[in-house]
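Both complexes shown next keep chain A, but they swap its partner, so chain B is in the first and chain C is in the second.
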Partner chain A sequence: MRSGDRLRAGLALIAVCALLLTAGCGDALPVEDRALVLALGIDPNRTSAAGDLDWTFVLPNATVTASSVGRQSPGTQVSGVRVTAPDLSTAMNALQDRLARKVYMGDLEVFAIGLATPSDRARAAISDLVQFGSVPDGYSVVATPDPATRLLSVVTTQDAIPRYFLTLYLNCSGCHRHDWRVRGWQWWAAAQTPGVVPHAVVLRPEAGSAVVAGEAVYPAGPGPALVMPPDAQDGLFLTMSRTTAAVVSGLAGRRRLSVSRLTGRARTTARLVGGRLEVSVRLHVRGVLTSQGGVAIPSGGAAQAALVHAAQVLVAQHMLDDVGAAFRWANREHCDPFGLTTQALLARPRLAYALAPGSSVWFPIDVRMTVRADVVSASSFT
Partner chain B sequence: MSRDSSTRRSWTTRVPPSQWDRGGLSSGRVQGRDNWTDIEGDILSGRTVVFAAGAPTAWSADSAKFQQRAVERPATEMTVRGPDEAFNEVLATQIAQLRRVVQTPSLQVRTVSVGPTFGKVALVYLEGVANPVLVQNVWDRLARVPGRTRAAAASIAGVIRDEPLSIFPTIRNTERVGLVAARLAEGKVAILVDGDPFALVAPSPIADFYRTEQDYGGAWYDASFVRLIRFVGWGVGVYLPALYVAATQVDPNVIPMSLLITISGSRAGLPSSPLAGVLVMVLVLETLREAAFRLPKVLGTTIGTVGAIVVGTAIVSAGLVSPQVIVVITLTALSFYTAPVYELTATWRVVNFAMLLAAAFLGIVGIVAVTMLLLVQLSAMTSFGVPYFAPWEPLRLSDWGDTILRLPWTLLRRRLSGPLPVDPGWPPVPRMRVPRLRRAVR
Partner chain C sequence: MSRAGARISPGQFFWATAASMVAGGVFLWPMPLLLEAGADWAWALGADGVLVALTLAAQLAWGQRVPGSSMFGRLRTLWGPLAWPWLLGSTALSVVVEAVVLDLFVRMLQTFVLPGTPAWPLRVLLAGLAWVVAAQSLDVLARSLRTWFVVGLAAFMLMVAVTAAHATGAAALHPPWPPSGHGVLAGVAGTWLFWIDDGGVAITLAPFVRGLDWAGARRWALGAVALQLAVVAIVTCVVLTTLGPWAGGAKMWPMIELMVGAGPTSFSFVRPSLLILPVWIGAFVGYLAVHAHSISANTRAAVGVPESARRWHALAITSAVLIVAWQLPDAPTVLTMATQDLSPLALGLSIGLHGLSLLLAIVRPLRQAQPARGS
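Moving on to the complex of A and B:
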């Protein structure tokens, strides 16, 4: 071998060794040796004087195979392991002590926060998850009024492991009236932005399923989460353009109208003027007039046009009420779950730099709303 | 030469001996010989050498009639549609087959002996199309081939090709007459070997190995789709087992949770790692493949079926590998054979193995690293001076129309730029005017 070839071979060997040493794959474990954590929940521990949290890790049944899917009884599909610890690292250590496989959080799908959990502890937990490194931040964040274990262990008869009910529920596109998903990174980004507060949908376990019970908002500080009422929650999601299949039903004159398949798009602008947040919301809602109090909708003609117009007025009024309720609630609670402060601060970089991440600054909101409602009659399609 | 009318079997001619190569001798090919070495070689190869008193040159006439097998269908390059003619082992027949397909005076055949007595090799090209530098280059390389044993296309290819140590074939061999004719028209050269039914085509960049004769025998959309499928097959064959090992052994977070749970459940209780499982299956597959080659055709098919179904199922039932491994390896084995040339199948199997080991130790990083090495290696290689990885590196978008896709004939206006043909354009396709048909008046 010539000296040049020897040098080249030596360099190639060093490159391969360096790759082996620096890639960090030396301690990699095959998938069957890992304990997959599907969901994680936190609740305050009532008995702990040090303010520890109860951490619930939900693990799927490790013996599920492609051929045994659907044959597992509901009680054996997932198992919850509950540990008490002050922070995520300690909780994972405690969990690891109980398992024969290595805890793997790389595919975490749901993070549930018990409503009694102090807001600052919830923020710290998600911040820990973000800094943990090996947990991708695409998991969904939800809140639950009961201990998180109850919600995380919901197993319906419609789905079976390996499909997890809560993941399917939150990812079901166009199924619910709003897109409820709040990703871990979205929650964390809101928590870090001055003036903005993170929020998560409140899911209550009920009869082997889950029911939406408002929106939990987490202001900075040690207090508990604030829960938005349903109309304000609708307004919040409308403002965020995440209304996907809402229904509005109400009286227009003497007639009861129902408009379904409502989708909403909102264009918002926000600017800081004299210490107040001036917000402009332009809503564009589209829906289908589906029924008229049990009476068939006339097809074509002046009668139908009048009915559609009445439906448009009904929808527009409803949307204005909801968005107004959301902003009134935000002003009353001194928080901005819409994320509008970010938009305003982008135009005021000096002020933004002066504010610490996660600081609880708040600006009163003045809002001006415009709604455009496009309703078509279902009979137009037939 | 005319036959005498008497009963004696004798011939007379009035053509002077100095012009017997142009008339007088009525054999196919007549060559003048002026040294004893050539004369000896010609007599040994069955030719007739005619000496004329006083003439300085002896005339060597091709009078041998060898026993040869009939012209048959290709055994290794199947097509569904289009011409289906394979070369046989006799050089004269090979040339005749080509001449029948390429009926132009531009077709040039230059023969050379490989070694002193080990057989003849013919260099075939189209004058006015093939680049003279390429022709000379191949001719020079052929002239230097040592005659160690009987001449064979594989051994000649191994000596004359660029990058003789590389696992990538840089010269293509084919037994199809039509394919050789098509490549000659593109400005490439072909090497025919006496005693071997496989012709060599040079230069052959890697994309050339994915072009078959059938691509030109069917509709352009079908051929283009099939070519894309071949590239997809390449991707599946090379990457699927490596990705499976990387995902299950090193980087499980690339797998969706629901799939991860079932894979984890299927692997519960298995004694070996995913890599070991894949290696076991590769071993089983290679054994079955080799056995199927050796067995008679009927039994070979049976063994293939038995291997695929019975052995695969039994291995899963025995708890040696997971069902996913069977799926992965079956798909991989099938995908490899989308490569139209067998040599390339062997090459990709080696690459796949390297990819597998890198994935087991380094996960996705390893796959990326091997891919980068592969790209660097392919980009640095040449085939008779032509970039091996063209038209991707160097990027030649104009060549994509007849490498990655197969455009309609009316859009194929230029020959592939790889062999730098003297005439880069194809003869233009005239616009076909369709006359308006009218009802015939009675």
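Moving on to the complex of A and C:
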């Protein structure tokens, strides 16, 4: 037998052994015997003296099949199981106690934090989930007014299991005014990093859907999350270069102008000077002038140029107001969801690396902003 | 058919040398570096590259000066009976290092892919696969390594690029000035075993490169160091700019967690990031095989058996790796042992073996020549 033949024979033998031994048969179960957890939510338990949390696990209904989806009402496609427990492991144990199928967390898509949940408990819950090992940390983290069950049970008629409304909502790239999605590993990394606090979009269930209601920010400590109002939230996402499809509508003189499809890029610098954080934000936003109060937009000439200029001023002012609101909010609440404190700390690596993971660092922020708004007229395309 | 006179091309030598470094523990980077060097990680990585390059250059320089048919043959010419402790020491260390890397790799597979599968079939299959590849003649081995390593590296860098899309800024890459000697030394000592475990791959393979002198082999070997340094630097930068130094240093295998977490996660999708596993398995098997082949060439020379005994020596070495891997404790203890104890030992052995051999190779002919001049 030639050397190459021996190699092929050896590889074939090993491939057969590998198929038999490493195909995951050790813990293989048919999907209908698994309790797949699609979403998980936490809320404080009001009656527990020990400070336990309510854990809501959302599971797809195993009896829904492709052929029966059309006959199912949205409410029967998923079921929620709520248990009360101090931590994730105990909660999963309690969940398994109630189910005849084996709990599987590997397909977790959404983690929802009730707004009344103490910040340190939310941090601990996600840290436990990250340490859990076999749960990929790509799930989205959101906040919601209590109880989390209300948001997690939103299932619309368009989204039949295994497509889950919240997953589709958060994964929808370029659909919403900002890219809201924060993944589990990003949230956890922020919680570990001195000089930044993790945050998550607040989604309020409303009429069988979800509405954005600010941004929840989780400083270290036992207090509940702090909620950024919408204008500060817009400023935060602009500063993070995560504005993907915003709209600005306002009066320029007597005309109401609307600029849509706004995307934003920000370049930030931050340095520590005498116990204060000096921040520079340079914003570049681009958008399309799509309306001037129902009147046709001129398709060229000085009239269009004047209108576009007015729209640019409107957008620039709006963006400056939003970013200013975000930094005023951060200074008032003594926390930095932007990560600019970390950026400044890392310019002094010896100082930065000496800080313990998760330690809390904050400096008052002095911000200088410049904005460039590039607006084109929709009439240029038609 | 055994091909004792098998030759390899310079490109195959380049890929085989590259596969013998970093590839076995690439899934662990940059955790040991951040853990040991802290803020000085960039300086430590640079020092790693320089020192590895110097060690390989020294290895090939003394190989060029000393006649012999293998690393052991040259050691015996140079050191006489003292060649045996060098061979036994470097072989034992190589086997332990490969066992450590095998064990950590299997635990990573169990954590992310096959949680319900026991460790033993994974260990046996990986070691078995490495044996099948290592038992081939040098040209077949080198051809397999070149083919799979190029494909694997390309796929790996593609996955790294996808992950890099989540980078949030370059602030975390700022190196401190001036570098701290302690940090750099700790970084180099703690990561050395992921670079070189002293099976003497370059010096063993270099004489078999077709149409190439030792200076040419040195250039290709230094190119392999540059390639692996670039891979490690890119992986480190991606982890630091996405997770940051605090979270990046807290994870045992940050790169795979990032790849799994950064891809689309939805019940309807199969995670594309898991494609990285065949790539890493290929790289890992190549790493294990090239070391087993190289060590077996030296043990064969030591006991004076012909080329046809190659597969049995390779089997003995992969079996030894398997047996040592079986005895290792839990992953965090193994990793601490690797970075705190084994790696500094490997650094000492590399510098001792190749530095002293080069010195001796330079000095000995002079010593022999001096009496002749005096008489």
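Going forward, the second predicted complex is superposed on the first by the 349 of 382 C-alpha atoms of A that agree within 3 Å, B and C clash if a C-alpha of one lies under 4 Å from a C-alpha of the other, contacts with A are read in each partner's own complex, and residues count from 1 in each chain.
Keep in mind that, in the parts below, a residue touches a chain if its C-beta (ideal position, glycine included) is under 8 Å from a C-beta of that chain, and two chains touch if they have at least 3 such contacts.
Computed from a predicted structure; not experimentally measured.
J.: Just chain B (first), just chain C (second), both, or neither: which does A:363 touch?
T.: neither
J.: On the A-aligned overlay, A:163 touches which partner chain: chain B = first, chain C = second, or both, or neither?
T.: In the superposition, A:163 touches chain B and chain C alike.
J.: Where does A:31 make contact in the superposed view: on chain B (first), on chain C (second), on both, or on neither?
T.: A:31: touches chain B, not chain C.
J.: Looking at A:347 after the superposition, I want to know if it touches chain B, chain C, both of them or none. Which is it: first, second, both, neither?
T.: Second partner only.
J.: Scan A:329 for contacts with chain B and chain C and give back first, second, both or neither.
T.: Neither partner.
J.: Now for A:111: first (chain B), second (chain C), both, or neither, which partner does it touch?
T.: Once the two structures are laid over each other on A, A:111 reaches no partner at all.
J.: Quick check for you: in the superposed arrangement, does A:11 touch first (chain B), second (chain C), both or neither?
T.: Second partner only, chain C.
J.: Classify the contacts of A:57 with the two partner chains as first (chain B alone), second (chain C alone), both, or neither.
T.: neither
J.: Have a look and say if chain B or chain C is in touch with more residues of chain A.
T.: For chain A, the partner with the higher number of touched residues is C.
J.: Scan A:19 for contacts with chain B and chain C and give back first, second, both or neither.
T.: Only chain B; A:19 stays clear of chain C.
J.: For chain A, what residues appear in both contact lists, the one with chain B and the one with chain C?
T.: The answer is residues 25, 28, 36, 38, 60, 107, 109, 134, 136, 162-164, 167 of chain A.
J.: In their complex, what parts of chain A are in touch with chain C?
T.: Those in contact with chain C are residues 2-4, 6-7, 10-11, 14, 17-18, 21-22, 24-28, 36, 38, 60, 107, 109, 133-134, 136-139, 162-164, 167, 171, 183-186, 188-189, 192-194, 339, 342-343, 346-350, 352-353, 355, 357-358.
J.: Tell me, which parts of chain A touch chain B in their complex?
T.: Listed in rising order, the residues of chain A that touch chain B are 19-20, 23, 25, 28-32, 34, 36, 38, 60-66, 68-69, 104, 106-107, 109, 134, 136, 161-164, 167.
J.: Which chain C residues qualify as touching chain A in the complex?
T.: These residues of chain C touch chain A: 1-3, 38-39, 111-118, 121-122, 125, 128-129, 132-133, 135-137, 140, 144, 166, 168-169, 171-172, 174-176, 180, 242-250, 257-258, 260-268, 271.
J.: With touch defined as at the start, can you tell me which chain B residues reach chain A in the complex?
T.: Touching chain A: residues 247-253, 255-268, 270, 273-274, 323, 361-363, 365-366, 369 of chain B.
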